[in-house]
């Protein structure tokens, strides 16, 4: 039996090294952290519960930075700052941990991010108050559960790239996030893209891909 | 084998006699129409395709009124006018036949109805332009497919009773209307109620129930 | 990061301020309660488990009223009494907490409500015994799990506005409430409306919308 | 390649020879009919569309009896009469072809059957009028689509064996019959059994099994 | 608020009084038990976990008979013996608690029952060894999870009434029992009937309905 | 725009060149056939309806061999014979076209195949009669719809590699084949493998992979 | 009744005017085309079947450009060229119409697009041959049905923004596109975004949003 | 009540005696272990949690070999070595326990197995590095969750029998393993077969069936 990490990924596709912790034991996470600490490679640990975080041993590494709200830890990071700014917009408090995962992944990737919450469409004026702030970003990540109506409303108001993150909060038909997911996919607003339920990490990575692409246009040579 | 219609229903619950045609043969529809024409009972035939309507024989009844857009026919109707006004709001042209079914059922029931279409939330200003008109009604029926975001936005802007009719238009995850249905049920706006997919008839009946109840308050004795 | 509650909602749509606690931490609930206590705004907290209720700190507010059976707490309430009476009818003991959530939301909203339980249709005489009591209300909320047959039977016997709340009780195909939900949506009784599974709160809000509308008819000016 | 029919089944389990035609070509049905006609074995052909029936060649057999309403044909039948009577109860006209399939299978099996239709629970008095007739049978087959509320109501009123046949009629969440199926399975009435959607044939076979068993009790020796 | 039990049900439909405990609190179960103990009415409590059973207070009633394996308790019972014998056949040890619920319900109802287990079709000879024993019963209840192949095999070998109880055991596509349920409903054996997943109680009640019907044939007067 | 076929696949993985026709236009199929005819490459066309087959132009190729029953055409084939024999076992006539697709793919691949049909488990003796014939093959492909009980019974009786092909025949819960698929996946028999619904082609390809592997053992050097 | 199109959308969010034809009658499409032709507004008509296209009357407009392969028509277009290039990559011929819809929407929007097809991962060398071509684009749209494995493989090889369009081609579990959709959402490659099944139009709109954003970086002022 | 194990199965179909522990109590497992220990029959216990393993009493048997990582115990084993080698390939660390169950079942069955992990397709070079090792085996078992893209990529690169084991790891649409399952079933690679979600045991049994068949070819007599 042998392990092999994808160490050349950052060079190949510009995406950060990341470890999804939710289906790993604390021992497995510790082993991976030790190996990455050894080579000094920056890495992001996601879906790291407080319980698991307490058990993970990082071998005295002083570059292990754990954040409870976003359930993440950063090792040997963050990456150097890069141009561009992303607005992470969330409908309500319940979506906060997913929004925080997106914001934290942006931070790890060296991208500036703003967290704008409690702007659900049931009270439209709250969203309208923040619209200028949102439009001043380069990319919008919309985090929403239940009916995910925020996605369509934002998509009709803002011309920026819009990445929807459906969340699993809610009960009855909303439980698990499939309603929010399908609602975002069926959005009547044009050109909205979607990632997996609760995948704040993936939405931030998509934003990083877009900003890397935009760098090609710097200088107007494109 | 014997048939028995529920002739005392109008007296018992105030709901109109109605015949769902979609799963009946033309011969069955003709037989029911003949029986109802015979007793002079007002009735509404729904989901009556043009093909079926052409085959149905109504025995020379001059009170058979077929309408293609709403796929309905009215026999011996409509019922006498009653107080109250209902706004039937539809997101787009594709939802028109369902909205027309609701409007036609209101007409059969003696209730005034306004049809307001092409107010999808992807272009929010279109909805905002019609808001005063909508608010002047007593009840709102919101007809919407795809992500049904119109339901939540309306629910946050209008304090009237709001009945959502999800529609089956759309493709991919929207096909069949389950996404619109679940989105309406999970709406972040409080107090929205929902009927079955494409059930314009049922939404109008629910409005009739509400207006009948409101009549109890006339004179303020309630 | 900034929070913004929808404080003008009561004025805009007449719906009560409400906080869904099930996907919030005790710290988040406490923070919201503190903010609302500060401004003196009446609010309803729903899906508040006993465990969370024990942890929530309300800053010594003597207007915090927690009720375990309905999993709710009322802050700075209830709202002033308003005309109209709602019958909350439940098929069995297992549906009691959802029915209680509906009744408690009505109470918070200033609306009189009667709780009528153990009237499942498997013993039809039990329902028939209570029929006069039910018919004397202005609106009926029917709370039912399993096959939700109560909804159709009530819908055929009573002409009042009928709001169905499917519940998640049961096992096998009934578990989670989808069978009850779909059964209520497909009800053969005309004009029944439906809210999300276990959404006693939403059904009560819908009733409040209807009673507010009915107030327009007081004096017969409508 | 070789075919082999289960000719000894009638002796082994007392069930009739039956051929499901819906997924067979006319040529395949003709070949099976010819073989069975040759050996003189009584057989029931189900789900035989009018189009297929017109194409099937039965080799001049004068014992081929096709019935369009139930989509069946009987070859070399029916079987000899046997004691017992079954009430086939259907909620509405739309369920008629499935109810007719059940009645026709009973007829083929030599069992007396009554067809009682248009007794949906939205007009409960219609069912109550027929209750004595239903109770006088030995077994009840309840055929119902949509919410299948008829099943629970009958199950609470009648102590006989009750076999539910959910039907696929309806639209939205009712389309295809899954809602009726799950509603029947989750019935709050005790001891209801269920067969596959639209399976009138299977319900009648189940009744035949029960009546065969009951014959063991004739003379009281059991 | 008022409770009302369906005390006349045994007379009306011959079904036992039963209390489903899984969605009730211990306090609710105790209150029901106390009321039933008071009137001396025989009752069966199902889905009673060991934890709940330990908390239920039965007021010193010496007719409270709790059985852990079947998760049931009998109060003031069982009912008097009645003719007929039922074979409860289970594919494996994992299905035992559901099979035991069926057997215990039969016992409470005064019906003799045999429990025959570990006869899954993967080892067909085990089933064939017990076939005479099974055929000597009047009714067969087949309890099976996973692919529920036992149902079809039994249905092809035995001509008795056959009631399938799909179980929720298993993992992957088998988890929750939907695969077993659908497999039983789609059984290629004729005349099999099905109850809800894990509903051993309901299968036994169905058997009681059938045996009551068969009593009509005693003396051959039918 | 440019096309590129995977011409080196046969060398790379030993799998035949195949063209799935069901979602291609006749013009697209003709173009592919012309290109393959040009290079003389043997190819199998599957899901080729009679209507499409009539429209496809093969440029006068005299090696185009169309078979209606299996909905396939062979171009420049079949491949040379190879050792091994496969039994294709089907529950009923309705599964014939899928079984024929498997048999025809084997024929194209140079593998001997036997078609054994009408051995559904509802009449177990029919299967038992053919058991020696089945056991004499090297691999068994079991084609079954509905409850797919044939898969588990065969899996318990035969120790050979067993590949299940669920079929989409049937109605109600069986329609589309998901019940058969899940039943096969949840089979209580050990070591059964499964392919997609109606995928007779894929099952035959899997058999070819297995027989290629077995060739490694010829001479016993393995 | 009144219609209102969202004419200011291009200015507000930079998205093209588009009309989804699949759920509209030919008369409705003609009316919309006439209105748009009147105001001279560029518009894209999607999901326009050949049958509908033949019936649509465009009032002699000589700027109506219908394309059968992509099921689109362009009115008064295309829009002026803008910088950036998009690679539309499709796994197979069956996905061609969806890929063509994406390419045609790009063309309408003034964006250069390359169509690269037949690069399914079952023959990986085909994809590897085209990799340089793909990497030279600014954005990749990956069109794939069945298992959509192309999405993950591309996502691991290319660091550009990657928009997945799952398609509905296939049979069994692949039919309808849900498997491809879920596979793309669950992709193990980081930062992939997804649009609705068969939504080639939406993917192209998302690319337009991204290229508009990238224009902000021209000159390096960002 | 009587138990009967399928002791002659090894002789009949060559499959190992196995006990699925997940839905059995510790007492039931202990009883089975005692019986099997008594007769000296080799057996594999699967899905044995550490908690259950600690409670199981094996009567002092010194041939009870528990392994925590694979959640298995071997009693009186393993079986004698047999020819052939199987590569168990897993996409990531999260799939390890399922892969270990497959490897352990192979070990119990006397088959050599290699465990090759962390070769997910998002970093294709990692898989390519191990390709020679994989190709040198006789059979490949591919263990993969999420989008299961590994299955299609391997299927296109390797001509060996390929058995896919979808796993339940992941979140959102990947949770539970249905996405991985359907993706594997819809694989664009030809001749891939699939077992139930997380069924490492079943995949190993399928490999044993294939290797037993291959033994027929030893000596070339086939």
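Which chain is which? They are A, B, C, D, E, F, G and H, in the order written, and residues in each are numbered from 1.
Everything below uses one rule, namely that a contact is a pair of C-beta atoms (placed from the backbone, for glycine too) under 8 Å apart; a residue touches a chain by one contact, two chains touch by 3 or more.
Nothing here was measured: the structure is a model prediction, and the numbers come from that model.
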Which chains does chain C share as contact partners with chain D?
B, E
Repeat of C-D among G-H, F-H or A-H, where over half of the residue-numbered contact pairs coincide, is which pair?
G-H
How many Å are there between the centre of chain F and the centre of chain G, using C-alpha atoms for each centre?
36
Averaging C-alpha coordinates per chain, one finds the centres of chain E and chain F separated by a number of Å equal to 43
Give the residues of chain F touching no fewer than two other chains, as numbers and ranges.
9, 12, 120, 122-123, 155-157, 170, 172-174, 178, 181, 185-186, 190, 196-197
Each pair of chains that touches, named by its two labels:
A-B, A-C, A-G, A-H, B-C, B-D, B-G, C-D, C-E, D-E, D-F, E-F, E-H, F-G, F-H, G-H
Quick one: in the complex, what on chain A touches chain B?
91-92, 120-124, 146-149, 151-153, 155-157, 170, 172-174, 178-180, 182-190
Within their complex, state which residues of chain G touch chain B.
1-6, 8-9, 12, 20, 22-24, 28, 32, 47, 168, 177-178, 181, 196-199
Report the residues of chain C in contact with chain B in the complex, numbered from low to high.
9, 12-16, 18, 83-84, 138-139, 155-163, 181, 185-186, 190-197, 201-210, 212-220, 222
In the complex, chain G residues that touch chain F
93-94, 96, 115-120, 122-123, 125-126, 129, 169-174
